[in-house]
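The following blocks contain the structures, represented as structure tokens.
What follows is a pair of complexes built around subunit A, which joins subunit B in one and subunit C in the other.
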Partner chain A sequence: MNKSRRLKDGILNGLTWLSTAVAVAVLLLVFIFMFRRGWSDLSWDLITTDYWPQNLNVAFRQGEAGAYTAPADLAAGDSFSTLYGFALRDATDTKKAKTLIITYVDPDSPLESAYITTAGSQQGLNQAIHEDASVQMLYYQDEDGQQVLAGLLAGDDAASLVQKLDTGSVSIQSMYYQTAGGGIRGSILATLLLIGLTLVIVLPIGILAAVYLNEVAGRNRLTALLRQAIETLNGVPSIIFGLSGVVMLFPVTQLFGASGQSILLGALTMAVILLPVVIRQTEEALIVVPQSLRMGSLALGATRSQTIFKVVLPNALPGILTATLLSVSRVIGESAALIYTMSTVVTDNPKILQPATSLAVQIWQIMSSEQPDFKLASAVSLIILMMVLLLNLTVKLITRRLSRRWA
Partner chain B sequence: MNDRQPNALMLQHNRQRRKISDKIWRALFLISCVLSALMIVLIIIFIAVKGIRVFLPGYEYGQQNFWDFLTGMTWRQDSKTYGVGFIVINTFTTAAFAALLSFPVATLTALFIVKIAPERLRVAFTTVIELLAAIPSVVYGVFASGAITKLVQQLAAFFGQTSAAGISALSVILLLAIMIFPTICSMAIVAIQAVGKSLEWGSLALGASQTQTNFKVVLSAAKSGIFAGLVLGLGRAFGEATAVTMVAGNAMSGPSWNLFDTTRTLTTTMLSGMHETSGLDYDIRFSAGLVLMAVILLTNALIHLIKRKIGGVDHE
Partner chain C sequence: MNLLADKKIKRSQEPMASAATPDLDPGSQTAEAADRYMSRGSGPVARARTQVAAGLKPAAGLPDLKPMFEVQDLNLYYSKFQALKHINLTIPAHQVTAFIGPSGCGKSTLLRCFNRMNDLLEEVRIDGRILMDGRDLRGPQTDVVELRTKVGMVFQQPNPFPMSIFDNVAYGLRCQGIKDRVYLRQVVETSLKKAALYDEVKDELDKNATKLSGGQQQRLCIARAIALQPQVILMDEPTSALDPIATLKIEELMNDLKKEYTIVIVTHSMQQAARISDKTAFFLLGEVVEFDDTVTMFNNPSDKRTEDYISGRFG
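Coming up: the complex of A and B.
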């Protein structure tokens, strides 16, 4: 090998190294970006709170003043009430109106003993007041036993409200406030409903179809045509599924009493999207089941369908499991098809026949609003990303086990 | 009657029952399969019917001219002007530029993974490529509107151009290049793996170096699979909706050849600014969907053609 040849080879090899480096760098960039933007907003509160803020009247079971110390990491502009153990900050909400935001609540604070007094089904329930709630007004009892109004309605800002409370009050009586909202509890529930419904629809049809293609059908042109038609579904973009779901599958949901976009419609659409995936995965598992098992079963006098259900399918279970996990991962990540079929209206109480958003659609909803809450979108994206990657890694492990099984 | 020795009548009865249930199950298998296969046909029919209705006389929200729709260079909801011509051009150009960026990198990466990388790296990288393919579109969208648009904004400032906060054709191209990379790369990996060892040995025996063999023999033997991957990637790019809509900006007319201008593709047209679920503005999205469907089916046909015509020696 001469020198110029070696140089050329080195350059070409270097190019392949460089390309791979670029690819890996981009992947890392996506990850690092998502973690840096989303990690700080990821919290238990985000997952458990409702999306829509709620206005509540509460009273306190133990409203008496105590003695509390401010936390060491209290932000500079916050006012801390030493008698009641919470911190307040002046802020403006999305409509540019003045609000008072609670930024810290001591675990023993009277605020933790609040219960709802608003008339309705929730009346009397314990409702501890958490960080990020915004205080409208409150009543406290002064040293003379008089009830005094404080808060936005009394023209207070954070400092003056805390000042009032800490200098002349014996106990706090009641409060009118708005919960923080902006959580994703409703979307998580809707996503779970969607996953369950989709699997219930797609797994039986997909598995039966795969059994037909691999166990029952003859090797003729009709089978090839059926296979080709199912394969073609793979290349169809998901937005097309969304469009066709609205016109084609909506009448089906009407039979169940839906009057518009609904989780059921989303699930039916997802089922169509996932059919080729489930069929392909199940078939791959069926193919590796040795022919001798089928022969043995048939020779013992079992019918074809008995053989399929008692001998072939049990051996194909890992493949069906893979199909299920892949389906779950696709449902979690799907957005375009669901924007059409499930709507972009976030709801806190998802019902099967009502519009709702999955997590991915909620991200879309956040990003397409006038002033996108980018950090929230990143946090939800991070949740989706981690779930999808985890599911896909599990699938990879299972398939590796599976390929070893009959080897 | 003895339990262990059922009489002949019962045996026959049992057998008959089993036969019937066998028949029922076989019917169910067939129905499921035919139902699955029918889906693609139904989808095409339903979208076609709804998409064409807009151009037929007697359409309740005002009949549209089909020719104007296909060749129109403006899409405005406010003046009810719907022309899809520039949108198709935009869809093709953004996808083509994305493929131009992604294709060489993806092919070289595939070559590296299969032929050059050490064994352990190979498994790791294949996993990485598969995971990249699994990342949901909406996550890429958030990434694009947070990172890619910032980059494009700085680029625009550097070249003295203005861009709407980085929302531009260039952002779409960069985003699509990232999103179709795993598709092209994994198809290339499969194609390169399928190249027979004997070809490689033949080349080495003739005195070619390993690198020469990789680039001249392996790549050209795998070219049909690699190009099929490219077309598959293009198909993905045409159909990608959520992420693209987040950075495209929905230009009302075009086509514009300035990369820093906003753009509009078929999918962004279908997805954005949707307020009602009836009326012309809603129905015309199905017509755009029909155009997209035609583009996708053409792409699929192209893949089959490439596999048959370009040949190569990869499939034994």
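Coming up: the complex of A and C.
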């Protein structure tokens, strides 16, 4: 090998190496950035609580004073009630109004025994008071058996409220407070509903269409044309589907009783977007099923549909699973098409025929509001990343199982 | 070669066969064949004849000689190309009929006509008739799906379904809507026994069939066909992907199977044809050049081209 050849070889190798390094570095940076920004906001509460704050009136099943010790990591400005086992802090809310925020609740505190007394369907339900709740007012019983009002309405700050409770009370009676809100439980549910509905619509249609193209119809001009059309649809930007979904698919959802944007409309739109993907993936999976298996089945007196459903499709299952995975990832990640069809209003109790946001749309919504909360957006992104990762692993596992059974 | 003549020969042998004990009969046949071979020299055919002499050649003159298939002036075209030209032959029931001939001469094509697998190919045109039990195979009253349960097929490459051994054998019956576990189990068992596979797999019927060896897979495919209790089993080079031991097993199996089934086999091995078949058809360029008793065909072929092919001079 002469010098210039060696040099060329070295440069080419270096380039491939460099490109790979850049790609890996960029991906890693994105992940690390997301983690650093979002990790602190990521908590179980974020996933399990409502987005909208709720004003609640609660009473306590066990309101009697006890003896509690403050946690070692209590923040400097917080006031801890040794009789009732919770900590309070002065704060201001987004409207710059004074609030009293609960920063710590002992697991045995009377606050854990709260139940809702507000009239309505939730009346009587247990509603333990958590950190970040903002206390408006509370009634306690003093040593003379008198009910005493305390809290913001009585002009208290954190220190004076705790002082009142810890010096002159025997039990707490009731509390009026606001839950923290800002959780994404509703959006997670809406996303799951959306995924489920989309798959229910797109998988049967897509798989059967692929079966028709690949197994039933002959290889002729018409099928070639159909294939080409499907291929072309694959490249259309999703926002266009979103717009046309609003116009063309909305009447379909009306048949089911929807009166505007809804999860169903979003799912139908996603199904249209994903149809070419599913057909394509399934077809590819069908093509690799050996012809000899079809022949073997037919030669045993199986009908064509028996051959398809008993031999061909089961053998194409790994590919079909891949199609499913791709679909789910696309649904999780899609925002453009869903802004019009599912709305940008965060809902805590998503219903199929009502508007809701998916997680990705909620990120968009968080970032386009007046006070963009990048940390929260990052936390939601992390949840999306984890969902996708989990899904990938599951499908890998299933595919491995299947191929082990069949290998 | 000629249908009538052929029948006459068979008929004339019949009383003899019934007179002699069945065990002795093949011996006398093969001894005679061996004698003739000795006087003719060596080569592949000669070796085949040795095997004939060794007694693998099944008994001639079995009681049932009624025709299974009667092919009448059959022509088959793949779009413009004529793959079969004026085929006339009669496949006798309960015999092993071998199709031999050079590559591309239409053996597989004719075989596929018997279970109508050619229907699946596009641009195939067929004229002429194939009668099975006196009924036209391609007539409107013949149901293809039902036909394929009566005429089973074993392919060149073993093609077990990627499912359990049990499910493979039960496949055809389940396709007919039979669900009774006990009955299926019984059929699976007897089919595997008839295919001489049962002893090897009886403890692992749940094992994936694709994990079996090639020879086992091929016997599984035979069991799968047998499970439908067909009248005919078509085999297209069933041992070409197998080693000699597996091949031997399948050949022995065919010898047993012909008591219950009619077997038509395509083979490229002269020895195999000589060892296992009762009748042989020699194909050349889409035509049947010669069709006769295997013994006759291998010992004194009436056509020069047959002789050349058998003795390995071309093909």
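Keep in mind that, in the parts below, the second predicted complex is superposed on the first by the 369 of 407 C-alpha atoms of A that agree within 3 Å, B and C clash if a C-alpha of one lies under 4 Å from a C-alpha of the other, contacts with A are read in each partner's own complex, and residues count from 1 in each chain.
Methods note: a residue touches a chain if its C-beta (ideal position, glycine included) is under 8 Å from a C-beta of that chain, and two chains touch if they have at least 3 such contacts.
Source: prediction; values computed, not measured.
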Kindly say whether there is room for both subunit B and subunit C on subunit A in the superposition, answering fit or clash. fit
Touch check for A:Leu153: first (subunit B), second (subunit C), both, or neither? neither
Taking the CA centre of subunit A as vertex, the centres of subunit B and subunit C subtend an angle, in steps of 10 degrees, of 70
Which of subunit B and subunit C A:Leu317 touches, first, second, both or neither: neither
On the A-aligned overlay, A:Ala97 touches which partner chain: subunit B = first, subunit C = second, or both, or neither? neither
Output check: A:Leu12 vs subunit B and subunit C. Expected answer is one of first, second, both, neither. What do you get? first
Where does A:Pro290 make contact in the superposed view: on subunit B (first), on subunit C (second), on both, or on neither? second
Using the touch definition from the top, say if A:Ala299 reaches subunit B (first), subunit C (second), both or neither. second
Chosen between subunit B and subunit C, the partner touching more subunit A residues is B
Subunit B and subunit C, minimum CA distance [Å, superposed model]: 7
What is the shared patch of subunit A, the residues that subunit B and subunit C both contact? 303, 306
Residue ranges of subunit C in contact with subunit A within the complex: 115, 117, 120, 122, 145-149, 152-153, 155, 157, 159-163, 171-172, 174-176, 208, 210-211, 221, 224-225, 228
Residue numbers on subunit B that touch subunit A, as the complex places them: 18-19, 21-22, 25-26, 28-43, 46-47, 49-50, 104-106, 108-109, 111-113, 116-117, 125, 127-132, 134-143, 145-147, 178, 181, 185, 209-212, 214-215, 232, 235-236, 238-242, 245-246, 267, 270-272, 274, 277, 285-286, 289, 292-293, 296, 299-300
For the subunit A and subunit C complex, residues of the former touching the latter: 218, 290, 292-293, 295-303, 306, 310-311, 314-315, 405-407
If you look only at subunit A, which of its residues touch subunit B in the complex? 1, 5, 8-9, 12-13, 15-20, 22-24, 26-27, 29-30, 33-34, 37, 204-206, 208-209, 211-213, 215-217, 225-227, 229-230, 232-233, 235-241, 243-244, 246-248, 260-261, 272, 275-276, 279, 303-306, 308-309, 329, 332-336, 339, 360, 363-364, 367-368, 372, 374, 377-378, 381, 384-385, 388-389, 392-393, 396
